[in-house]
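Here subunit A shows up in two complexes: once beside subunit B, once beside subunit C.
Here is the complex of A and B:
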């Protein structure tokens, strides 16, 4: 049927930040089909110039309210690479524990508050409060756990204060870690119930597939969350690794007329970063309990359905919880000793990478001989995903048209697709907009 | 436990005033018999503090309804109506008053809460706050602490 369709979603809801969807179909012919990012650049790289290495991470953590732990960790790792600072096993384990807290917290927010309304046929979480009260309460219990977990290790969940190059300014006590372990163990029934809830609506996850390249950190030591080398997996399952210092060669930033944000590509025209990319690259290193969840959803790597990113996030929620328990046990077994800010052994240029909920995050700094930052570069995962979202649009819209979907069905499918990537585009203001009751 | 909670976006100039007040409390060791919390944009986490052992919360935030920059007012949920059209909760989309309403609907324990709304001059991208707000940060902190004592 040669239909006309006009979709103009200005400021898509239930994503972090602002993005637009525009589709224009005339007489069955796709004339426009674009994912647009209109946000203004924020120039954080220039804000850290002239700042001392000890304060750079505190500034860059302000780039994002959700991934502030990730920005802190990528930042200190880049500073450490530039300044010749080595970490101890204890610091690496504590940072991993903090990284898992952020991943857990962010994924719970996304799966329950931003994705679930689509799966339950609700416009937002608000109508679900009276109809699915216990599910909303469970979501808030898990969210609270993520918040308390991150606050314990990072000083604060949002914009952590304890992480510095070489160590931590404040350590949790053994009693703190034991209490956190008890909370994580107590949360297992909520995790099980979450899997059952998502399984009950899994049939609503669209069955769209498009082969692409998936990029994530990968390590022989762990499931590439806190640390590792850059790895991509191609549609034929072939993997290749690159050192983090080569991050520019694999991101290849370019400018699209549809976006104020830069796009990225590696071997193919686009690649995907995020939970799906991590599971596709590192499925064999998931915790056995997380792997069980992957099997329950019939997840096979490489999975080419971008809507399954939310399922991959759920798998990672369990992985982070169980890895958190393992790390706590190991830290309790060895005991904790003070390891604070470490002095540089050189002043040069260095890159650092870590995984944040939305994908691989790169920071790079150059320092002068006084330890002042003279150059900075950050490549965030949402920007790495924009080109892949566009390529998904290019394949999905003709498929929806061929399936004779209505304009509303097409709009929902495109909105759900963007939401599944969990994009985090920029930060907004949070002022109170109220009227006083006279 | 009692809390003073700073809300806002640190990189959106005057929108960060709530966080700046909490920072001032931290830096000057004023958090003697209460906990100062930098909630920033993670407003859903406010519900973490809605527990039976919470005696009171003062939420410090920028407020558009106060038209004189630098001026501040204390008020409760009963004294305001939110004008924000919030579709959902995320760190970009949200409203502290709606978090409290949601907690009420879920029958959570709601401790005594007062808002400290501060009138702003400029909400735009950038670090810092307007001078009309910056000079008052110490007095905002003391007022918030005094208000907390009365809860």
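Here is the complex of A and C:
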């Protein structure tokens, strides 16, 4: 059938919050098919110039309210690299525990509140409150747990307070950690029920594949989250590692004439960051309980279906919960000590990376001899995924057309694809005003 | 007031204040929904509404293209709440307002591309539309928000604090940052957050803006004398969250 289709999604502003989908099909021929992110720039890299190193993470955390823990951690890591600060083991463990809290918290939010409505055929979570009361309450309980967990270590989850270059300004008590452990153990039935809920609607996850490169932090010691080197896995399974200081060589930001958002690429035309990229790179280091979930969904790495990112998030929710328990036990075994902050040993330039829920995040700063920032650069996962989303669109739209999908089905498939990346734009994708002309 | 219809909207911001809504837990959030109907919330739902009793707007006004959307929200809402620091005081977005070269610094040769357009200054939404109430803070305090909504639902005027954060530290018995060899903006910062930052060992950065009529000159002197900040740093100290509140804004 020679269809005419015109999808024009507009009126979207920030890179974290809004995106555009434009598809124009005339007589069955795809004339335009673009993913755009028109961004209301906030100029954070310029804002931090002239600010003291103790203030920088407090400012750059405000880049994103959903992954502000990750921005804080990437920022202090970059500052510490620039200032020659080597952290204590206790600081690294506490930060790792905080990182898992954010991963848990954000993935629960995404899977339950942003993805699940699609799988249950609802426009949002609110109509599900009367029909699926227990599921919504479970979602809110788990979200609250992630929030309490992160707040205990970071002071709060939206813009943490206690995380500064050189350590922590306040430590949890052993009693706090024991109470948190009890809460995590008590949440296991909710986690099991979550897996069952998602399994019950897993048939709604579209079957679509496109081979691409996946980038994530990787380490010999553990599944890359808080720390590690940059690693990519190619479609043939070949992996390569790069030092974090080489982040510009693997991100290669460039401006596409077809899109307003900056694109990134490494070896291939695009790459993917996020939960799927992490699991694809480091599946062997997942906690056994997380691996069990992967098996239940038939997940095999490398998985080339971007829609499976939500399943990868679910796998990571379990991994973070069990890693959290392990870290709490280790911290309790050694005991928490007031250590003070490690002082700078130099003032230079340095980069830091961490895994935020939606992918690998890079910060880089340069400081003058007074400890004031003179130059900053941040590359957020959302930007790294734009080119990959575009390449998915290029393959998916002709496939949907060939399968003679209805307009509603095509719209939903495109919205769900964008949402599956959880690039802080998943939320805005619910706002997409998609118009078909047939 | 009959069960109010509430909407959430966002402009230039991190959306963290909206995320705070998901952190009440199951009991408190479901209870909240017994008293308000959330009818529009782009970050979480597809549904929209024609009329709103209360519109909560997060984010600063940073470009002319957003003016129409703000005016439209105002037109269809009985009450507009500036929700969080970016909306109520321009917050961190105003930190680059005094810089002349911020476009060049971030975008270099690409800075004149039309989609990168931005006004010279980020401003609170009250510069564009009438705002009835402010929920200050970065992030906003989710319990203060409940308190304000509760007042409105019961037809009462919410009380927004206009005393400095120092009072809350005294109340908490938090040791003053200045006694710890640090600095702090508590003496001029608007309270209402219950002062979590000094209690966590970091200075108050006045994310809720200034109290009315702050003595900025005295604050600068305290930062230099007691906080041991170099003069240049003391002069710019309060820009992080209160650049738009400063007398030189």
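FYI, the second predicted complex is superposed on the first by the 412 of 438 C-alpha atoms of A that agree within 3 Å, B and C clash if a C-alpha of one lies under 4 Å from a C-alpha of the other, contacts with A are read in each partner's own complex, and residues count from 1 in each chain.
The definition used in the following text is that a contact is a pair of C-beta atoms (placed from the backbone, for glycine too) under 8 Å apart; a residue touches a chain by one contact, two chains touch by 3 or more.
Small disclaimer: the values here were computed from a predicted structure and weren't measured.
In the superposed model, A:58 makes contact with subunit C only, not with subunit B.
By the touch criterion defined above, A:50 reaches subunit C but does not reach subunit B. Looking at the superposed arrangement, the partner reaching more residues of subunit A, out of subunit B and subunit C, is C.
Contact with subunit B, but none with subunit C, is seen for A:130 once the two complexes are overlaid on the shared chain. Of the two partner chains, neither subunit B nor subunit C is touched by A:121. In the superposition on chain A, A:113 contacts both subunit B and subunit C. In the superposed model, A:66 lies in contact with both subunit B and subunit C. Contacts of A:156 after superposition: both subunit B and subunit C are touched.
Legend: residue contacts after superposition of the two complexes on their common chain; A:164 is shown touching subunit C, with no touch to subunit B. Within subunit A, the residues touched by subunit B in the first complex and by subunit C in the second are 13-14, 16-17, 40, 42, 47, 62-63, 65-66, 109, 113-114, 123-126, 129, 136-137, 140, 143-144, 147, 156-159, 427-428, 430-431.
For subunit A in complex with subunit B, the touching residues are 13-17, 40, 42, 47, 62-63, 65-66, 109, 113-114, 117, 123-126, 129-130, 133, 136-137, 140, 143-144, 147-148, 156-159, 426-437. Across the interface of their complex, subunit A is touched by residues 7-12, 15, 38-45, 47-48, 61-65, 75, 78-84, 87-97, 102, 105-106, 115, 117, 120, 123, 125, 127 of subunit B. By the touch rule above, subunit C contacts subunit A in their complex via residues 10-20, 22-26, 29-30, 33, 38, 41-47, 62-63, 65-66, 69, 91-93, 95-96, 99, 101-103, 105-107, 110, 113, 115-116, 118, 122, 138-139, 196-197, 199-202, 205, 230, 233, 236, 240. Across the complex, subunit A meets subunit C through its residues 11, 13-14, 16-17, 38-43, 45-47, 49-52, 55, 58-59, 62-66, 68, 109, 113-114, 123-126, 129, 136-138, 140-141, 143-144, 147, 155-159, 161-162, 164, 169-170, 255, 260, 370, 372, 424, 427-428, 430-431.
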